[in-house]
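Shared chain: chain A. Partners: chain B in the first complex, chain C in the second.
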Partner chain A sequence: MVEFFQHVVNGLMIGGIYALMGIGLTLIFGIMNVVNFSHGEFYMLGAFGVYTLFTMLGLPYLAALLLTGIIFWFFGSIIERLILRPLQHQAIDVSMLATIGLSIFLSNLALIIWDPTPKDIGMPFPLIGVEIGPITLTPIRVFIFVAAMLLILGSHLFLRYNRFGKAIRATFQDREAAALMGVNTGLVNLVTFSWGTAIAAIAGGLLGPIFQVFPTMGTIVSSKSFAVVIAGGLGNFPGAILSGLLLGVAESLGAGYVSSGYRDAIAFILIIVVLIVRPTGLLGKARRLG
Partner chain B sequence: MLKLSDVDVFYGKVHALKSVSMHVEEGELVTLIGANGAGKSTTLKTISGMLRPQKGSIFFQGERIDGLTSEKIVNRRIAHCPEGRRVFPDMSVRENLEMGAYVRKNKTSIRSDLEMVFELFPILKERSQQDASCLSGGEQQMLAIGRALMLQPLLIMFDEPSLGLAPIMVEKVVEVIAELNRRGTTILLVEQNADMALRLSKRAYVLETGRIGIEGLSKDLLQNEHVQKAYLGG
Partner chain C sequence: MNRITKIALGFVIVAVVFLPQLVNNNYILRLGILAGIFIMLASAHNLLMKVGQLSLGPVAFYGLGAYISAILSTRYHVPFLICFLIAGVAAALAGWGIGRLTLKMRTAYFVLVTIGFAEFFRLVALNWTDMTNGPMGITAIPAPAPWFKGYNLYYYFVLILVGLVLFVLYRLENSATGRAMLAIRENEVLGQSVGIDSYRYMMQAAVLSSFIIGLAGSFYAHFFQFIGPEILGFELTITIVVMVIAGGRATLAGPVLGAILFTIIPEVLRAATMWRMVIYGLLLVFIMLFTPDGVMPALVKGFQKLLELIRRRNSRSQKEVSADQESILADGLSNLVATINSSSAAEAAKQYGNAPVLEVDNLSVYFGGVHAVEKVCFSVNPGEILAIIGPNGAGKTTLLNAITRLGPITSGVVRYKGEEITSLSAHEIAKKHIVRTFQHTSVFRRVSTRRNLLLAHNGQEPNGILVNLLQTRELKQLEEVGRQLAEEILKFTGLERYGDYPANALPYGDQRLLELGIALGADPHLLLLDEPAAGMNPTEVDNLMVLIRRIRDMGITVVLVEHDMKLVMGISDRIIVLHHGKQIAMGTPNEIKRDEVVVNAYLGKVYKDVETVGC
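Let's turn to the complex of A and B:
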């Protein structure tokens, strides 16, 4: 039983990261009608950002994380302006091809800048485990989970109560009607994409210290984020959070009790099952935000 | 107050509006009628900046507004109550109304307009915390109208507000539009229910496949043989 809870707790930590990746991807899809295949590369670059700022340049971990988020907010804005905006009236597969191209470009760019050998970010927190009852928690894991939850909660509160957040929700629900209210829907796209990019980069920077950092690390995370988004219901914000956490826990339990070799297959088993049982996603309703 | 001159609008190759000219004076209630696909919605969308005219001009209060973004046009207090209501389904009734006042800054006057809308449509007050998707079609139309009013508009454009409503709801909508006009709001009304619209308005335009076919006083149009045949079922 103790082992079971330990797996669940570990799973929630990874699941928090999947949820973070998932909400960005699902919002970008829901609002911009863009299937962002470079989301995993933003995650990878975020991990390299923290590696560069924290490990190489010696900034405090939190500062490195924050700075990475800011840098990738602007990076996302540039991508939106230069690549996605000119394509916004084209069919969805045009922007899809563009983001696939971008993902290939970015992982090769990382290969040139940081070379292919996996890097260790190093531990930003003491390694001593904190025992809570029979469960052991290391500070980094607690930090990852809390940071992920705070970012999700912050995004939710922003969408729920902020004036611009409401405009984002309105645009999500009916773009044309939102424009008729005077919402600048172009700005909504820009902010959504920048925010999604920054969140993905921070997710990479959060998980980086636990795993190694290398240029192709985004690929599997990208596929899993898609699994999370599809299982949660395309464009469904709470659905992405739920299925992200669920995937993390399922992976951790699967690796613990079945075989760790199956870890990465679990995401795909999960989507297949969800799509067969509930084709519109876990929460049933296809689209919902905030 | 509003003046369109020789406006041409295309959807790709589809020539939807052909040299449309019309005007609405301050305080007037003007009707635009026409068959399905005549270009009524296109006309309103062009005025509110959703579409760009290829040719021609649109002036509002003496200033040119064609080519401006819809955001800028909303800022000039032109409200567009779109065809099919288009309320935000997963936002509460109250949030929907607040979205109507999105470009306004003055919180106290927004609050007093909210009270005004609740007074006009008590059902919206009762349901203010519910999602708009829970409302009936008629209630959603009230919400769409209320949302347009939240702009404190100088001009409101209604696109088929009676569409799909039960007769008693149609009556309510007619009452509200007439009342708004009495209070001094300028109104451009698009309707397929030509009889209702012509009785409500003073002047009217008839749009026929993208062109203004007939224009004149509503009471004359009601007597016009062609209008009777084509739009009044007689």
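Let's turn to the complex of A and C:
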């Protein structure tokens, strides 16, 4: 039983990161109709950002994380302007292939800059375990989970109460109607993509200290965040959070009790089963945001 | 195909056939074999693009074919040809099974769930070590035969395979199947409304595509004599998809060109050593930015422009249809007197007699708590024009959707010529010669006007894959009927001058006319029109009235949903009034005009306790 709860707690931490990746992907799809295959690379670059700033340049961890977020916000803006905006009226597979090209470009560029050997970011927090009853928690894991939840909550509050957040929701509902009401839908696209990129980079920076950092680390996370997005319902914000956490826990339990070789298959079994049973995802197709 | 293309194609074929004699270089031959495999993969994958579905899971079938063939030949010593065929059939079966689970999905859902299947297959290959050897892969896969040595033989083997595959695909492209697939990817719902069974065609595409991919997988295994789980990797999927989309999706030559280009480009890029994949990724982004439809269509377009330029220099007389030309409906359609002789409606009407053709019995449609259509009963007599009117939101379109099965039915029965049609699907309804139009203009936008009408007849043509491959006489005859019908409709609607222009280049009024033409192209006996006059000016409406009367005179029964009272009162034999989903009146135009309930409900006065007209 203790082991079970330990698995659940570990799963929730990874699940928080999946959820963080998932909300970015799902919003980018919902608002821009773009299936973003470079999302995993933004995650990878975020981890390298923190590695460079924290491990190599010696900035405090939190500052490195924040700075990475800001840098990738601007990076996302540039990508949106240069690649996605010119393609926004094309079929969905055109922008998809462009983001695939971008992801090949970025991961191989990272390979040249940081070479393929896995890097250790190093521990920003003391490694002493905090025991709550029979379950052991390390500060870094608590920090990751809390940070992920805060970012999700912050995004939710922004969408819910901020004026521009409302504009994003309006665009999600009906792009044309929102444009007629004076919403700058181009800016909505720009902000959505920049925000998604920054969040993905921060997710990489958060998980970096626990695992090693290497140029191809984005691939598997990327396909899992797709699983999360589909299982939650494309464009469905709470759905992505729920299925992200679920996937994290399911993987952790599956690896613990079934077989660690099939650990990565759980995500795909999850989407296949969810889509067959409920073709529109766990929480259905999103009708509204926030 | 013009003469220049034919000559060029001839040269290419000769060069390809004699490549081993011309170069006699194993490196080049190996590239040729690889390109052959990729042409098979890309062309097969493209079949799904033809029905508008992008799959990111082709490697699942590739891996399945390769592994089955490898396991059978190494463990059980099954001869190559049998392995080869079993690999194809097994992949086709897998394609069928996965298709059953996924082909109801569209766009991004389909894309992403197919990745799920491919990844799942890869993980099985990686982890089922007893069978697959896991990450080590299967080695020492025998050659197809002991005497099968040297790249020359493999080259000719793959060449013959590619030739067969392309021949089959070419035959299908130029048959009823190819046209149906075009209709599905241009406008699936409109396709269904004229009788095209999109699910069936998608399934055909999935099965044929996975069969070819499975064969390619088997060949790959016996050529390289080694396979590992890498052939199920996402990178290979990307390579295939890049070939298809960058080459030119849904065209025949696009994936071939794409496969050749993207077999060569990575080889050339080897010179860039570590920058190779960086450049490759960037190249992909640029191809998408500058030729989003693919390289092949861009080349064709460029070539046509060049020809145009040469022609223009030679003769300066150019006929052009300008977009701001007045709609045909506005300038004297009434002068047209063409009739449609190929329609089977008159004959069918003669045989049928006088009983109602359509009976709607207690039909209800609920969306959650909203009762969009509530226990509606009416019948339509042969040869009449029946109008359904009512305020917006009264349930008129929902009623049409329910009858044609493009929308749900909660309860009730619809009968056509005495036969219950409630349980049929949309395309089956159309095959029974019940055809509808749509409230919002719905045409095959990027297809020429004439082709639009050919596509409309597709539902009446055979949809078997074998019939279309063999191009049987029955098929040819039906195609000829479709062609004749299309020409007659072009004359009937006055759209003849637009025959070769894409539908989206037509003025609005003429697009609506084309919509009517498409419905006629499906050879209707019962025609349901959903607000055909929406957005038309008074002259256009007058002409539309003439046209609808003529359609009725051809023996086609017409049900008309419309707001334009001049049109409704002018041509209807009977009128039904809906209000809040309920039928509140039925009668001749004169009766309806004087009906107090209708006047109150339709003119907008608040009128509670509206009585329903019973069955």
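Remarks
Quick note on the criterion: the second predicted complex is superposed on the first by the 286 of 290 C-alpha atoms of A that agree within 3 Å, B and C clash if a C-alpha of one lies under 4 Å from a C-alpha of the other, contacts with A are read in each partner's own complex, and residues count from 1 in each chain.
Keep in mind that, in the parts below, a residue touches a chain if its C-beta (ideal position, glycine included) is under 8 Å from a C-beta of that chain, and two chains touch if they have at least 3 such contacts.
None of these values were measured; they are calculated from a predicted model.
Upon superposition of the two complexes on chain A, a steric clash is found between chain B and chain C.
Applying the stated contact rule after C-alpha superposition, one finds that A:A63 touches neither chain B nor chain C. Of the two partner chains placed around the shared chain by superposition, chain C is the only one that A:A265 touches, whereas chain B remains out of contact. In the superposition on chain A, A:A170 contacts chain B only, with no contact to chain C.
Contacts of A:I113 after superposition: neither chain B nor chain C is touched. The wider contact with chain A, measured as residues touched, comes from C rather than the other of chain B and chain C. Of the two partner chains placed by superposition, A:V2 touches none, neither chain B nor chain C.
With both structures placed on the common chain, the touch criterion links A:V183 to chain B but leaves chain C unconnected. No residue of chain A is contacted both by chain B in one complex and by chain C in the other.
Every residue of chain A that touches chain B in the complex is listed here, in rising order: 163, 166-167, 169-170, 173-174, 176-184, 287-289. Of all residues in chain B, those touching chain A in their complex are 48, 50, 69-71, 74-75, 80, 82, 86-91, 95, 98-100, 102-103, 147, 151. Note for the complex: chain A touches chain C at residues 29, 35, 83, 86-87, 90-98, 100-106, 108-109, 111-112, 219, 223, 226-227, 229-230, 234, 259, 261-262, 264-265, 267-269, 271-272, 275-276, 279. Those residues of chain C that touch chain A in the complex are listed here as 54, 101-102, 104-105, 107-109, 111-113, 115-117, 119-120, 123-124, 126-127, 234, 238, 241-242, 245-246, 249, 274-278, 280-285, 287-289, 292.
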